[in-house]
Amino acid sequence: MLELVLFSLLNGLVFATLLFMLSSGLTLIFGMMGVLNFAHAGFYMLGAYFAYTLTGYLGFWPALVVAPLLVGLLGAAVERYGLRRVHRFGHLAELIFTFGVAVVIEEVVQLAWGRTAKSYEVPALLDFPLFRLFRTSFPAYKAFMLLVSVGIFVFLFAILTRTRAGLIIQASLTHPGMVAMLGHDVPRVFMLVFGTGSALAGLAGVIAGPVLGTFPGMAQVLGTIVFVVVVIGGLGSLTGAFAASLLIAIVQTFAVALDVSLSSALATVGLRMSAGGMLQDLWKVTIAQVAPIMPYLLLVLILVVRPTGLFGTRET
Amino acid sequence: MSTPAPATVRALELEKTARAQRLRRYGVWIAAAAILVGLPHVLRTPVAIPVMNQMGIAVVFALSYNMLLGQGGMLSFGHAVYFGLGGFIAAHVLNLAGRGVLYLPVPLLPLVGGLGGLVFAALFGSFSTTRAGTVFAMISLGVGELMASSALILDKFFGGEEGITTNRAKAPALLGLDFTTDRHVYYLIAFWALAAAAMMSAFSRTPVGRMANAVRDNPERAEFVGYSQRWVRFVSFCAAGLFAGVAGGLFAVNYEILTAENMGLSASGSVLLMTYIGGVGYFIGPILGAVIFTFLQSMLSDYTGMWLLYLGILFLATVLFVPAGFAGVLMLHAPAWRARRLGRLLGPYLLAGLLGLVVAVGVVGLLEMIHVVVSAPTGRTAKRLFWMTVDVRTLWPWLAFATLAVAGAVGLRWAAPQAAKAFTEASRPVETR
Amino acid sequence: MSRAKSVFIGTLTLALVASLASGVTPADPIRIGYVDPLSGPFAATGENGLKQFRFAADAINRAGGVLGRQIEIVPFDNKVSPQESLIQLKKVIGEGIHFVFQGNSSGVAHAISDAVLKHNERNADNRILYLNYSAVDPALTNEKCHFWHFRFDAHADMKMAALTDVIKANTKIRKIYIIGQDYSFGKAVAEAAVSMLGKKRPDIQIVGNELHPIGKVKDFSPYVQKIIASGADAVITGNWGADMVNLAKGANEAGLKAPFYTYYAASDGVTAAIGAAGVDRIRLVHESHPGNPSPPKMVGDYIAAYKKLNPNNDINQPRIHTGLNMLVLAIKRAGTTDVDKVAMALEGMEWTTLSGDHVVMRKDDHQLLMPIYISVHTNKSITYDYDNSGFGLSLESKVEREMATQPAACKMDRPT
């Protein structure tokens, strides 16, 4: 039991860090520009594929730096030459635009790298079990993922709260008009934020590619979970994104371990459900079975009770 | 209250124009009905009718979606939930009718679907319409994901992955129609599509329909007028759910199967996209969008394995160049049409269109050749493109398509401003002397 | 409305004229539809299947075709969606094609099978034949069977019967964990495993029976953790695609040593993606000789010839060769392309596969009876690898046809 709890906690933490890497960029973009960026998972995918190719030429460590930079540049270009033009047509147009970018990225990746999964592997330097407890080993690579993510959190937090650029970004989040009045180039701030956000997604791809697989459907598997994290955490709140990532990852990880269904729970208090009818499955479904959709339930519940999300200050 | 004479005159004039408008409005519906009746006699290929059936369903679904997005300003990522639930309920009812448990002829089935959509829209709308904007959008996303996943888990009702199948030929026949051919189904769908469109159009003219616009644009003012914005949103939401359910019922009749996929996120995304590219600001927009989107989705894949890429490029191009959608572009020409100057646009438009086509041919040719290089079996380097066969190992097709793309783009840069200028000229109000 | 429709008529007529112009050829081949994913996340599987069909068809055509006519494979992209499949099926019918192959996803197979049955009942003069080469839900040849459906792959219960025979002989296995995707196929695998193990090895304890949503799980480590905690000696899973790859990777990371018995853990990128994580851990239950070690000459030659033409793809479904050749033989024996007569000729037909196995199309339920192979994922002594990864499947055991055969529970109406 201790083994299960301990490793579930560790796995939850690792997954949380991955979620955070993706959602940190998204929450800044979402909070600042109001754009539901559907292409974010596409940039994550590009990060993994770039790193896969670059690893072949440069090795993993240079790729770890170069691939996110490339993705960031691409993101900045998408903002500069696409989103900025679309901005004046409103949020809906921006959303459709990012959706189109997502589709194009996914198809171009398949055109360039083919339709089959790529064997992008954990670097040899980190390919060993860090420690072994009872019957389970913990891979060094996961510890590395944890480290990188914590580093990013500290770095982003320091920039946002300790530097002048961070102050401008924070101000643009809440009062974009006022910041522009003060003579700051808000579109440029947007571009930088979008580029940085894309680069972070790319970094997540570089790091997660070997663990979660590098294949044409990798962006779709990720799906909308990052939006859920951002909204639960509160729009534009880095702390919120961090907390929501942890919450969702831990809830999901521990739900998997629970083989409890409604009927078994009722049975323990002495109630017997008669099996039958169209919705009989509802009684038999276990919490473990629905673990992956728990975040969406959480999303609906939290938004109904607290529309601003956990740490947010505004609704849109 | 006394009524001064001039106002009476004006009221009479208003009455007159109103009558003319009403006539025109009915005229449009009658013309649409005539076209719908005639279409199967014009398009006599076997593939045309199934494709049109699908378009009819998509039109109803997209129109219902635009009740939320266009009229109410509510961005939903889970509208397929009501389409799917309506469809599932209709499929179960059709099965009951087939077994003789209850009497229900097939033509009334869409009503059952609509009822199902309405009930669930009322259920989920009760808490999701409290807010507008991002909160509404994200709740709809959550509900959509939950319902789509539940469809796979609740096996008994949703039938798991293989879904619920049904048989329309087993239900009691009405007026000798047993719906064994697609043509019968076509007329059923055409009837319901027209009826649903007319009802949705009528809804947009009711006070609640008008208030939906007001709430979309300025919720505070709407509250001052005395309408609860929440209530207005809720009513719009229920109405949209009702018509989505009707579309789902039509789907059940046409395909005789419903699966979890019908409620999924991609179904919800598709309806958003088709509504947008058609144009959210106009009643005809979703109709255009549904027809074009359905056509591309089911026919483009016959010609290329990369149809999704082209669809993605189409979205990008729509947002960048015609953000008001196809209907928006058409409507922009209303002033020119009224001024009877549309003919003057023909030349510049043809030129720009032709150059645009040249760019498209060049880009498509290049992309398709890359596709051949990447994925075709070794030795198979020949590819049929635009009714000719090219060999990707030789240089000339690459050069030719690249030249087409570049030359077309250069030409377009020159021709597009000309077309824009001609448009401004033509749209200028007619001078009254 | 009117304007929309006129625009649409224009485009539609244009497209139709175009399709007609390019569709008619003077040689008049027998056209065979192939309805499977050719775009989207599952396109890799569909494209490779298409290439294998064309490869098999080319060989038949070189040998003179059938009834003096060539055969032609016509692809239709169904995007693994039941709805799209039905639209594509309408196109198949519209183009006058009478034979249609489909394999990916049992959900799609159910939709197509049902639509084909309804179509044939309603259009006695224009029937079509559905040839299922890969969808393995047992219901397709049992409760949902009908005269116009034939299956060329062993269904899930046949494979499970073979697998449980192997497990029966392995006394080291005492605890088994079952994990699968939450849908018909995953559930069918779980049910068959529980009931068959219960009969063959009542001493084996099922320590877990887990279902997870398809394609929604990003990180499998919590599931792997649960498997470890249960102390399982072996895992049975019907997972495919990314769910399979990530499960294998999660097991490798956590150091779970138990063998995984799988249905779909090979080729189309899966072998390469699993890589070293699956060596001696992943076992595959399938229907033909995997090519290693020392394959029958026919298998080796066939793989080598295919590889020469398609260096980036593998022969991972030899049943495509079996299915297409049996159909052609049936057309030859029937002397016509009339669907009912061809179906009659297929019933009870015997055939020798590339692996040298004698297979029979059972008349009662239209299920091809065949032996089952169980192979292990490895990189040792691999001649024919998958995905050019150096990893491949190596034969471990073979369960003869008689052992794998399941009773037929089909009641079908035959046309008179």
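Read from first to last, the chains carry the letters A, B and C; within each, the first residue is number 1.
Criterion: a residue touches a chain if its C-beta (ideal position, glycine included) is under 8 Å from a C-beta of that chain, and two chains touch if they have at least 3 such contacts.
Not measured: the values here are computed from a predicted model.
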Partner chains that chain B and chain C have in common: A
Centroid-based (C-alpha) most distant chain relative to chain B: C
CA centroid of chain A to CA centroid of chain C, Å: 35
Euclidean distance of C-alpha centroids - chain A vs chain B, Å: 32
Of all residues in chain A, the ones touching two or more other chains: 114-115, 223, 289-290, 292-293
Sites on chain B at which at least two other chains make contact: 149, 153, 155, 306, 308, 375
Sequence positions of chain C contacting 2 or more other chains: 43, 47, 182, 213, 216
Chain A-touching residues of chain B, taken from the complex the two chains share: 69, 75, 77, 127-128, 130-131, 133-135, 137-139, 141-143, 145-146, 149-150, 153-157, 265, 269, 272-273, 276, 280, 306, 308-309, 311-316, 318-320, 323, 367, 370-371, 374-375
For the chain A and chain B complex, residues of the former touching the latter: 34, 36, 82, 85-86, 89, 92-93, 95-97, 99-104, 106-108, 111-112, 114-115, 223-224, 227-228, 231, 235, 277-282, 285, 289-290, 292-293, 296-297, 299-300, 303-304, 307, 315-316
Touching residues (chain side chain B, partner chain C) in the complex: 28, 31-32, 35-36, 39, 42-43, 45-48, 50-51, 54-55, 149, 152-153, 155, 160-163, 165, 167, 169, 180-182, 197, 255-257, 259, 261-262, 284, 287-288, 291-292, 295, 298-299, 301-302, 305-308, 330, 375, 377-379, 384, 387
For the chain A and chain C complex, residues of the former touching the latter: 1, 3-4, 7-8, 11-12, 14-15, 18, 110, 114-119, 121, 129, 132, 135-139, 141-142, 211-218, 220-223, 225, 252-254, 256-257, 288-293
Touching residues (chain side chain C, partner chain B) in the complex: 1-5, 7-9, 11-13, 15-16, 19, 21-22, 38-40, 43, 47, 51, 76-77, 79, 81-84, 86-88, 90-91, 93-95, 105-107, 110-111, 114-115, 118, 122, 137, 182-185, 187, 213-214, 216, 308-311
